[in-house]
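The two complexes that follow have chain A in common; it is paired with chain B in the first and with chain C in the second.
And then the complex of A and B:
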């Protein structure tokens, strides 16, 4: 594949669903709710750790308008994971549809399906429950202490793949990696840093919360319409959880109002399916915002120890990262997230002696899950802040230190082989890397040359500059698979059936662009349908920065196959050999320019005239590389040294995502991710009381930046050409979220000399730092 | 709120009669933004008071008279000599909420984080209540406790009277928040006048960070008659710290809010002083 002048790809064309969404046409699960749908409401545990000693649902069941009440006593007890991952899942099986053991404030006790929300809520109040309250684990540091309460003491809990798992010690997963001799590398260093960092809880906060509905059709199949990133995993896990064959479940994904990883989980679908079976009526369940915060999924909070050794000349001699990850009440995505802390961050810098450990522990707190960045966000904070600290110790500009050490095209890293997602990884060399240009472009934009040390700054308000370098991946190599079906219609249009899921990213448009470019037609000729497990081919779904790179290759492959069929029919119609014709502007044309037939004529010919057949094909794809996108982020802040208040003045993100298939959407992904990361760094915070109850589960108290809070922002797309990707593309959706924590943290230090090693960067923390009273880094 | 009916009177006397007749079963509503915070599920009848002609800002005998159903957005847009409430409105949640919320609704019930009570206290505003006996309640009395104490069934807050700033006076205002749409973590406002190089009069008040919006009379006493300046302001702020119990929220400690108050008291005094001197841009 060579770089060429594109006609559809690399163009900011109108999104194929733009008008539908702009006009507010029914598109989302909530828009499609049948009028007679029963409403589901869930009674949840008030205790962080407890055992139900008695439960009486009889009064609730008998209430007029109540159609069913589910609890652990009347549903199958089948252990499973809620993580929407490939099979066999790397997450432990530790969850039941309902259980008599409560493992966090918000755990499922009983569900009601009723004719109205009010009746359902009244029925919840009529359920009588008594609990034996148990001691709880509310801090990561306590989870594996001798005598700690065991959260998963049920016999069924187990790891599915051969990875360390010790439920008796609340250990949900563990991974170790050592390359070279780490301690020797530290000993060889002229300067070392050894610090603890803490990444706090954070929530995806999609505009559309989790929402699902289900009904049973006349063939006794359960039809689930749900806001999911993983329709096929959803189908498989629902069938498993209900103990029914996969063939009895159909999952339809309409438009999604944001996912960011939150919807890579089976959070509602098992219950809506069970309720549909039980009531034989359509049922609908939508999380409130409070439920979304407490009972959906979060970013895995982590305590990290980062160690770096470097020589005075800037050579990094040792790189070590130990992560203690809080997976909460279940182990969803715990192993793979912590693996990514190593695999998506540590290869960024060349080093011979590397140590990595990730230990994942259960606590009686909300569960972690997939979240944009997926471990790289946590590790980038520790590594990139520590890089600044080492640079200062050896007297180098942190930009120069990074520029000297970062991975480059042609390089490889032993980490790629050593650390995969729950298993050994895949060797790969970097085939496209424009990080050096990202650094230069970003530095120019932020005005890096004017940067001075904090010791030179005076006055109440002090400005500072900080930076961070980043990498991520593009799909999970040799694990995940995408597929696409393409068929031609009489008018020369095409149905593109995708298992991939557009969760608001615009991937339907991007994949349609790839198809149109390959076919030699316009974007308007591509009719996209995604996703429906009955109708569209299998795709793992939208996660791991995979859609453009992985599903995009499946689309490119199938479009190439269909293009060949079109050429063959067109050549036959023109009485030429296929080698004598080509496609151009929705036509097959003779290369000598003499004759041409339109796609419509070709379709009609193939359907109605001679040797009839359906022009169309299916193609699937797994990838053997996961080419990282790269980025350099820069932040400028102003710190009020009297109050500690941090004002973000400017943020620059320069990113290399290969060929941006749709440059505006790619920019949007960077800006969205950066804003996501900024608000995580600055304001987002789960507050818990001493019983493990979240005390701020709403946007009134859990604050997100809105557009009016944004600093001046600049996004720079630095093009490269990734030869393994579709039309040179790599991923872009996740990487941007990883930069704000370290870049802003470094900028605060540069402004006032306060090094914050835990988020969010509240004014109070900066004030404490200015007064030398910063508390020890620990979980919050 | 659980509304069972919606009444739309078009005259003040009609609205008052309805409210009086219905008693506790009725609730006057205008912007309805307050209802987000009311958890009462008792069935109520909403009496819409937005058609009574109680909106708009006008000069009345030298004062500003703000109709109770005037939208906060209008306070932001209004301009006249001595008008300062645009600064309060500017920090009020978001334009979406400003377009709906009314100034009256913002002060008929106060929360620790309420914005307008703090400003109205220092501006020495008066609340005009129309009822069987019409009355004017000064801000100190009105905000001394929850304002519902001032209302009988059928009474309505119809306007707020605000004296304008005059030459030699300045106004300072600060709302501490994490984002533009955040609740206040600490609100401070000051109105100060300078006569012959000394503080002639001062009203300063705090909201949020304290249980209810309140005047900081110790700061006022420490400054009236004194020569204004950073050092004197800081000394006065220290006096203010002892006057009330400062409390943190949303993850901020009591100690930090107390410290923050010491800084922001000085900030609002400085703002007001600079404006009084004609130096504020």
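And then the complex of A and C:
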């Protein structure tokens, strides 16, 4: 790869909001709460499936300090989806602001806005509700059985794009794809595997839970300040849900304390907006951690059947994946997550005969939503463990088997066209793939050569090595759009107005770097503002690994346009043709000569002197490719056969993300995602009682790894250049979370011969495995 | 009464901070001034907040009472004040010498913040079956001293925990100190905790042992496990059986089986009954292996 001479991008510069955040300056929604804001609290359903037969809010309404009580009887009943996606949404319309039907333990019954939290809590207790309890669907396998309770029996529920949807059978979505002849491929194989895997529930656990506030301004517009990844979708969906025009809603996103997909969803904003309208006062609603676990969103749990056939020479003859996905009480992101199980995972290996099915079912359990990895996490677990199992059967090293079969630069896959986001996808060839080098670098770092089969291992402590290969995408091609506005100020600084949503990722810094590089100026000259639906241009928001790749190109485009304007003015000032000058270090300089004018002089000239105009522009971008980042992950574990405990010793993540615009932030994304995946693999789990109530909704018993639990971690960014991306960049934010389940699962097998096909990898499961009585894989 | 006033928060608690033990005991003696003794609050405050325990009217904070904060060594025992924190236990050289497993156990409780706030008496009085300090106290055959205005009373630790979250304490009494016989020459202690992660993990199973080998056989062995019954328990039958036995694969297997048969754990949010039963035996096996290895 040729060396490129970047000035601002590809440099670990100071994150532009680092000092503000480090000093603890008011930045987040909670910091900005007006003193007189009413506090919102929600009464939730104690039953997994029930109908409200009577509800009396009168006592609560009359309590001193209570300003409003909302329930299904006094708000508009407008069906919508809570999924923050493009319009029309690929998620079904199956949700109301409030309903008389309860679909999970934690469903909305009634909301109170009161002067203090204490009064609001007391008012909730004063609301009298009677329920008719209905039989509930608490397991994925039961959802589509004959006679199963119908969760969405309301007439309004429907799919809004032409995709399979059968609410009478609790089916929220379905997708099928067959390429070649799968059964024939299986028949041609020398060895096959056919196993079930289960991906358990998991939550994003952002440090900042969902939090929103709103008030009505003097123009009768609702101003919502909210912790969201999708301000523009939020504006559209809130307007839709309240039955008011979009023009009456403004959504402001301040700094965000992490989202990971949980905030690609309208969880609080509809109620906050309705309350502001009803009370005409500022209102504030913040989820407790318990509410975050139960009533926000989760990773869609999935039961998967994976089938792989291979010849003794290592050729993969057939690849089959069937996913039964639990979308919980609503269908948010159900279809697209399951589509990604196919489209972001199966193209990884060359194969002629591919079968894929995704079926998404409703249950009376917490709702799935967008979560970093978005289906690829689930499918990578099944595929990458099964790849090891096939490799063992044909007697190949799992590394060699993958190296031989993985997709390479110039290759394409029929899956790219066959599977899009709820519709047909887009053909693409792989334009950059350094997976082979990721595998080599990672293998060297973990010491793969010393790997021995588990049968050679003796003693109490047994170490094992495992690996996994991964891909993801970069934005949703021909669907997602990003835009940016750039304007110049008198001192040569620039306002960069972004619809793109920095939720702690550092995207404001990354996008400012791209602008500065293109303009030929310093990072300090770029003043970033993101995001505000009144001020910044449209952007779909932060999801689908899109911000650097998609919004980055919008920024590069607008910066190029502005650069041309600067050159034109600079040339005019220097009495040259635009072609005779160029930009350099915040100046326009003559290519052949001494003359130069600073950006500040240009700005002053263009504002006050001659031919005045505002130097600035707006630009938007859609993309026709979604170049996958690639990664090879390696794990070393030690299994204590005395107790079954698994200790993670070392974790290596080698990733190809094209040009890392900000190498430290890119590394941070990999490490954060890997840690996120490790703790999901090792300790996180939702526990439910037999009535569908989550029994561990708090950090006490929902175990996340602490820093003391983390293994030695090594991140390797393998250099590559994606020619369709801004300065060669691809995405990096999601891919890292997909590796730990399969890499650690494979390492445990290599250590002690126990193959765990469901997480988390607890001592209890390893013990059952060591004793040869692991139960059949099933859902929670 | 409107429902608002019935909802209590921490701010509604009447909390007093006696400066001396005598002052605290006098407050405890009178029903009108008596409050829930608080010695760190790392268990109680969580339970009040979650609603697992009702928010109390009054609290007597005993954490800073000087008499309860001392650690002293006598010839055959170490005496530890009730308000000594977990952090102090793990850092005390006197405790490390006298009851090493207690220092180790204190080092695994909660995280650093909890270790700095939480205390020995608090953990003992909370009487959770998963209280990490109980096994190490039990294997010493030591005592706990309770005080009231009428005087002091000494109770054997093996008789102090009466049942699930139940201790032998009168409403006017405070736990003041623990007298723990020191580890005799030639004896060794072991401690293990099995939790889901390295910090802030309530135990699935944990335990301690104190024992000695002489002339190739076990001459003394005391072992206690927690999280496997309503209280932490000594396994007297296993102790008696192993004394006089050499430690080799067969006796280890037998010990493991006897322990698994002796404990009757339940399945809950943290683990399964089956795993706890099995791993209890494994822990005791490990303790015996460690004893043999250290005894050379």
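Criterion: the second predicted complex is superposed on the first by the 776 of 780 C-alpha atoms of A that agree within 3 Å, B and C clash if a C-alpha of one lies under 4 Å from a C-alpha of the other, contacts with A are read in each partner's own complex, and residues count from 1 in each chain.
Everything that follows uses one rule, which is that a contact is a pair of C-beta atoms (placed from the backbone, for glycine too) under 8 Å apart; a residue touches a chain by one contact, two chains touch by 3 or more.
Computed from a predicted structure; not experimentally measured.
When the two complexes are overlaid on chain A, chain B and chain C occupy overlapping space and clash. Once the two complexes are laid over each other on the shared chain, residue contacts for A:177 go to neither chain B nor chain C. When chain A is checked against chain B and against chain C, the one touching more of its residues turns out to be C. Looking at the shared chain after the overlay, A:642 reaches both chain B and chain C. In the superposition on chain A, A:63 contacts chain C only, with no contact to chain B.
In the superposition on chain A, A:754 makes contact with neither chain B nor chain C. Once chain A of one complex is fitted onto chain A of the other, the partner contacts of A:122 are limited to chain C, with no touch recorded for chain B. The residues of chain A shared by its contacts with chain B and with chain C are 642-643, 683, 687, 696, 700-701, 703-706, 708-709, 762-764, 767. On the side of chain A, the complex with chain C involves touching residues 63-65, 118-119, 121-122, 125-126, 642-645, 683, 687, 695-696, 699-701, 703-706, 708-709, 762-764, 767.
Residue ranges of chain A in contact with chain B, taken from their complex: 642-643, 682-683, 685, 687, 696, 700-701, 703-706, 708-709, 762-764, 767. Taken together, the chain C residues at the contact with chain A in this complex read 2-4, 6-7, 9, 46, 111, 194, 196-202, 204, 269-272, 275, 278-279, 282-283, 285-286. By the touch criterion stated above, chain B contacts chain A in their complex at residues 94, 178-183, 250-253, 256, 259-260, 263-264.
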